[in-house]
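Letters A, B, C and D mark the chains as written, and numbering starts fresh at 1 in each.
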Amino acid sequence: MFPAKDTPTSLSNNNQERVVFPRAPDFSHAREAIVLSTDRSVALGAVDLHKSYGATKANRGISLSVMRGEIHAIVGENGAGKSTLMRMLQGVERPDSGHVVIADKPVVLNGPAEALALSIGMVHQEFMLAPDLTLLENLVLGEEPVTRQLGPLSRIDWAKALREGQGLAESIGAQIDWQRRTSSVPVHILQFVEIIRLLRRGCNVLILDEPTAVLAPPQVEELFDLLRNLRANGTTILFISHKIGEVMALADQVTVIRQGKTVFHSTIAETTGPEIASHIVRDAPPLETSPPPSRTVTGEPVLELDGLSARSLEKSQSLDNISLQVRAGEILGIAGVSGNGQGELAECIAGLRDTSAGNIILQGADITGETTLARRNRGLAYVSADRRHEGLTTAASIETNVIAGSHRAPPITRGGILSRKNLRQEASKRLAALKVVFGKVTDPADSLSGGNQQKLVFARESADNPKLMIASQPTRGVDLNGIAAIHGLLRDFRDQGGAVLLASEELDELIALSDRVVVIFEGRLVGEVTSPAGAMAQIGQMMVQGDAA
Amino acid sequence: MQVEQILVSTLILTTPILLAAIGGLVNRQAGIVNIGLEAKMLSGAFVAVIVSSATQSWFIACLAAALSSAVIGWMFSLTITRAHANMIVAGLGLNILVAGVLGFILSWVYKTSGTLRQPDVVLLPDVLPEFFEKIPVIGPALSSLDPLTIFAWITVFCLPFVLTNTRIGLWIRATGNAPHVTRAVGLRSLAIQDASTAFAGFFAGLAGAHLALASLGLFNEGLTAGRGFIALAAFYFGRDRPIQTAMACLLFGFLDNTQIRLQTAGFPPKLIGMTPYLMVLLALIFTSVRAQRKARL
Amino acid sequence: ADERPAAMIIAQGGLGDGSWNDTANAGFQSGLEKTGVEGRTIESADVAAQGEEIMRRAADGGFGLVISLEWIHGEPMEMLAKDYPDTNWVIMNQTRTGDNIASVVFGEHEGSFLAGALAAQVTTDTSIEGINADATIGVIGGFKAPGIDKFIVGYIQGAKAVNPDIEVKVAYADSFGDPAKGLQMANAMFDEGADIVYQVAGGTGIGIIEAAKARGHYAIGVDSDQDGMAPGNVLTSMVKRVDVAVDEIVTGYAADNFPGGEVIQFGLAENGVALSEMTHTKDKVPAAYIERVTAYKAQIIAGELDVWDVSSQGYPDFFK
Amino acid sequence: MSSSIASRSIGILLPLVVSLIVSGVVLLVIGKNPLDVFSLIATESFGNARRIAATLSAATPLLFTAVATAVCFRSGVFNVGVEGAFLVGGLAAVFLGFTLPAAWGFALFPICFFAAALIGAIWLYVPGILLAKFEVDEVVSTLMLNFIAVAITGYLVNGPLLSPLSGNNVTPLIHEVAYLPRLMPPSTLHAGFLIGLVCVAAYGFWCRYTPAGFEGGLIGLNQRFSRAVGISVPRTIVGVMILSGVIAGIGGAAHGMGQMHRFSDGFSPGYGFTGMAVALLGRNHPIGIVLGAILFGALASAGTTIQLFSNIPLDLVNIIQGTVMIFAVVELGRISLRRKKGTANAG
């Protein structure tokens, strides 16, 4: 615990003392410590934050100083603890220990409203905009300019609102048609509106959680221009990204978080992309990174995509003319930065998304128009990237989850009757085969730990001797032991002659598992690496830039 | 001469539906489908008769009817917003409950059943002076205008403004559209929904008051005769927009009014009564199919 | 005398319908009061399906007299009467056989005939205030149902007997409890030239009478004497003495004089139906008209004039 | 597990307790001893074999309407159109029951029931397909269809199908051979009750022991997951709607052939809606449904006959029933959330 005088002050306390770090933040993994510059003030910071969710230690000692008027990037693997940190900075979560610093003062935040009152605003990945209202209505919602104060009945001064909106948009160099209905407006504009809304509410520190994940490249450019303009106006920006290229292009400072700790901090000028990348994945879990040294796969092609295209719907990436082959006994990795279309590709193959052109051929049969059920009957297995909503029904029992999909097949259903006994036996068999740890088979799937949930998914998907497994982000949010187990499963499946299409945002994983890696960028395949083992840099380059230059 | 009379009675038959529909549409804009309008109309009619007789004032009677129904609406809303009751079933339950309570009061307090006649019930006055009657065609309609009818139509034409241009209007629309957004910007979305249901109750109460006090001056347990559901049909048909909903109400009022003529023309009365519901069904199909076509493009 | 209590089952529509159920109940209550017999009225949300159970429960529960006002209870009652020979049963508007069943049949068609005959004479007499020259009258029923059409057909027949060319407008409100609609429907009929509208619509009829009052035309009341509801604007009422019938049955029961096995006619002859005294309109209507009505009445009673009865003869050709 | 049993029983008991309190207060206000009245209701409901039979008889139609509702609710389809399917099914069965020759004897049973099931299925197929294919909000479409069913059957029973000699809107009686046998004569409790129990049991079986029931439960919990494991969501939706229509239609047939022996005005005083409350009160569980149906049956039957022995008006029963309905659905978090989203989108 901190000495009494350093106890974070509550918001009501008008304590003016500057924060003094009680001791040097613990950067045992970092090469450089964060140096508190004395001539500039900290707009937003953290001191030794800890936060656990049950057994998961999401943050275990994060310190951070975002200087006023700078763009500060936070990078790190999936599950490194970035979003958790943001939630604490924004007051959505309270740290277990450590504290948040706002405008040089340690504070205790009881909710996002208090952060907002202190000029800290956050743009979530899920935009907080009502789709049926106009942009202008969304802009003012909750803090409407009025002509005369009549409580809730006050007339909204739309002219003033529009002036404010236009003024703010202009100040950051954005062009916005405020009268458009929100649902008819492209995502990046929505993002601008979110940002402008925060500015209007007086925020001078903006937190953006993976703001580019949903954007197309030209839109990313627009966003960056806007963020630079903001910086020029004195706004401080903290943004999270997985894309090192973006960080290099935009940020002034970068902090790397790994396994819940700050491990690296530098100004952009003093570092390089590869250096950042090395910090993101350094000390990676001892993955079995021994892909059979450039095995030559000779199996029959199991999956062939021929010029597959798909239109974008809602916020999804479109796919453009994708052709590839996956052979029996091969793991084909799909590398790509989140949002470039690997999820969409997996969904197209699984039959969950309409294609607009091209063919999907499974074991020689064209399945392009077939239902998901028909594809599954032909030997397709699908491990969804969205485990909690598509991979599982968390409210249903474990046995239901592990059987669903096979429930019409013998021995579970015979003569139209579903045998609970056989169902339970089969379920237990499947669960045992993958060593899923659970209480009772009738417990809800929610009761399982993340890794075991994913093992359950594999238990279901691998049970009917599939020929092709589509595994989308199979280890997202899974702990180290779980990861090792899932990797083992995928290898075993491959070794027994199965074909695997593995989509993962984690390069380490792809390299550890894949026989070949193709890179997807903006919905197109931009390159292929046949011996991935040493090609991390090359793949990373293609992921970020779309070519191997 | 006939046209004039059709105008008059269409207008009068429309008013209670319209008042209820106004409340219902605001309620639905805030995200709550109010199946309990019928109950609140009935209680409004009841209160209106009693208060009108007791105070000799149609105005106090209407106000009391509206407020009492607003309170019922508000409590009803609490079961939905706070206790997560299913709004459809709770609404049906409310209709039964209120009918039961009123029946009980009738038999135990007033020792009667079905109909309550009170002495000296003051009816809604005609607002405009008599000479308006001389105006051709619309004269009789104008001269028979009662305060609630005028109020209903004023509300209809004010409502688009209120919904688009006042803070509460914006809050209501935002809450119905995306309650999590309303909550995220710091508004109390549940309280907004409760307020909208109370508002619906207020107007349903006025609708009941109109049924009781427009010309009858008595309460009858069948007085609402399913008008709460017709109102529901109207705002579904009008897609929650005030003017369109009002037009639907006028249409339904007109249908109700021309029943006689349609009956003479050989249409069975039962089937005529079914038209509003059929129209809503068809409109619903039409819009959904069209929306899907659009989405497919 | 029979000490056992009496029960009366209320028909669909329930108490408070302002006509059938309410009138019968008035008679029931006065009968009870007069005789000191204990009695209950029973309402049910599901009268149609539960009738048999309710009646059986009453018989089991020691009730000596069970009256049902619900038409659909006829068949089950016939059965129950055999199971419970000691209980006295009463059914309305139909004839059921059994020593311990009394069937009460009203001559609504006969009374309505007289109402029609009167209206047809009045409607062309412009000397009467509120009357136009058109030979047009109207009638509004609650629901379209044979029990209602029995009134309407009698009314039409009476009107045509006076003036074969008369137009009788017929409409149904589709509700027995919607006075607001009754008012508008009556107004519509007035607009189309009718000046007298006969209401056969229970609570809806309240609105019809209000309309007559507001427009200065005429309504004809039904069931009870409704002349006083809008004095001067209710031409007459087709009074149907359900109350008298029920009262008499209760009284007879208390006096050990239950008319078991009988069909009790409440027609014109028995004064079970009649036109009202016309207290407020007698002076407006020429005596000749009333005399002609009285003459019809005598003919009907004497059996010289047959009035069509929908409930026993089905629909006549001149009415659908 | 034990906590879920506990929460289930709270779910069933809470509405009862609340409604007893509400009606108790009402009774106190008018100077009646609530305990006396409640015990009278209890003996009138279950006091002896005849009363039990009467209660079960009143519960019979509710068994069908509750199961028909539960089939859909369980699958996340908010079908409120059971009332309409019950009416059209009942009328279809009755119509055949008096038009087909009486000489066909027992063959009339399967024919009438089949016709009712078929008509009921078609009736709810319409909103089913509209929901599955065009996302037409099923609450409104089925609600509107109820009014339409009331109007159409009301028209038919007053016009083309009207019994020639009657004082009321009734069809002729069906042939006596087509009467469902009574179970405990003289009570009106008829074989339809057993058919109802069979339906409940079949529903329970369908939920647990058929792939279709398994799928219905899954799409009720998670449509995305269901789609991903190869279940066709539209087909399942249409399937449960048809099943619901079949059960409701059979219920109408049982009511027509066992209880009423004809179709008439007031054929259903809202069994479909009460059935909804029963299904929700019973949390879609077969046993819960049977108990709920018996509870509402008891209210309907005892609520009427207590009037013979105490001057308690029928309105008290309405108060109890209305309160039970409102509180039966309290805390049904899942469906109400789904609805809120749905209505928000429907505009």
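In the analysis below, contacts are C-beta pairs under 8 Å (C-beta built on N, C-alpha and C of every residue); 3 or more make two chains touch, one makes a residue touch a chain.
Remember, predicted model here, so these are calculated numbers, not experimental data.
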Considering A-B alongside B-D, which chain pair is linked by more C-beta pairs in contact? B-D
Taking each chain's centre as the mean of its CA atoms, which one is farthest from the centre of chain D? A
Between chain A and chain C, what is the separation of their C-alpha centroids in Å? 78
Counting only Cα atoms for the centres, state how far chain B is from chain D in Å. 29
Between chain D and chain A, distance of the C-alpha-averaged centres to the nearest whole Å: 47
Tell me, which residues of chain A touch at least two other chains? 132
On chain C, where are the residues touching two or more other chains? 14, 144
Multi-partner residues of chain B (each touching 2 or more other chains): 113, 177-178, 268, 270, 273
Pairwise chain contacts, counting only pairs that touch as defined: A-B, A-D, B-C, B-D, C-D
Which bits of chain B are touching chain C when the two form their complex? 1-2, 5-6, 8-9, 12-13, 16, 106, 112-115, 211, 214-216, 218, 220-223, 225, 256-261, 263-264, 268-270, 273
Under the touch definition given earlier, write down the residues of chain A that touch chain B in their complex. 112-113, 128-133, 137-138, 140-144, 146, 151-156, 158
Listed in rising order, the residues of chain B that touch chain A in the complex are 165-168, 170-171, 173-174, 177-178, 180-182, 184-187
Of chain D, residues touching chain B in the complex: 26, 30, 78, 80, 130, 134-137, 139-141, 143-145, 147-148, 151-152, 154-155, 158-159, 273, 276-277, 280, 313-333, 335-337, 339-340, 343-344, 347
Report the residues of chain D in contact with chain A in the complex, numbered from low to high. 1, 208-211, 213-215, 217-218, 221-222, 224-232, 347
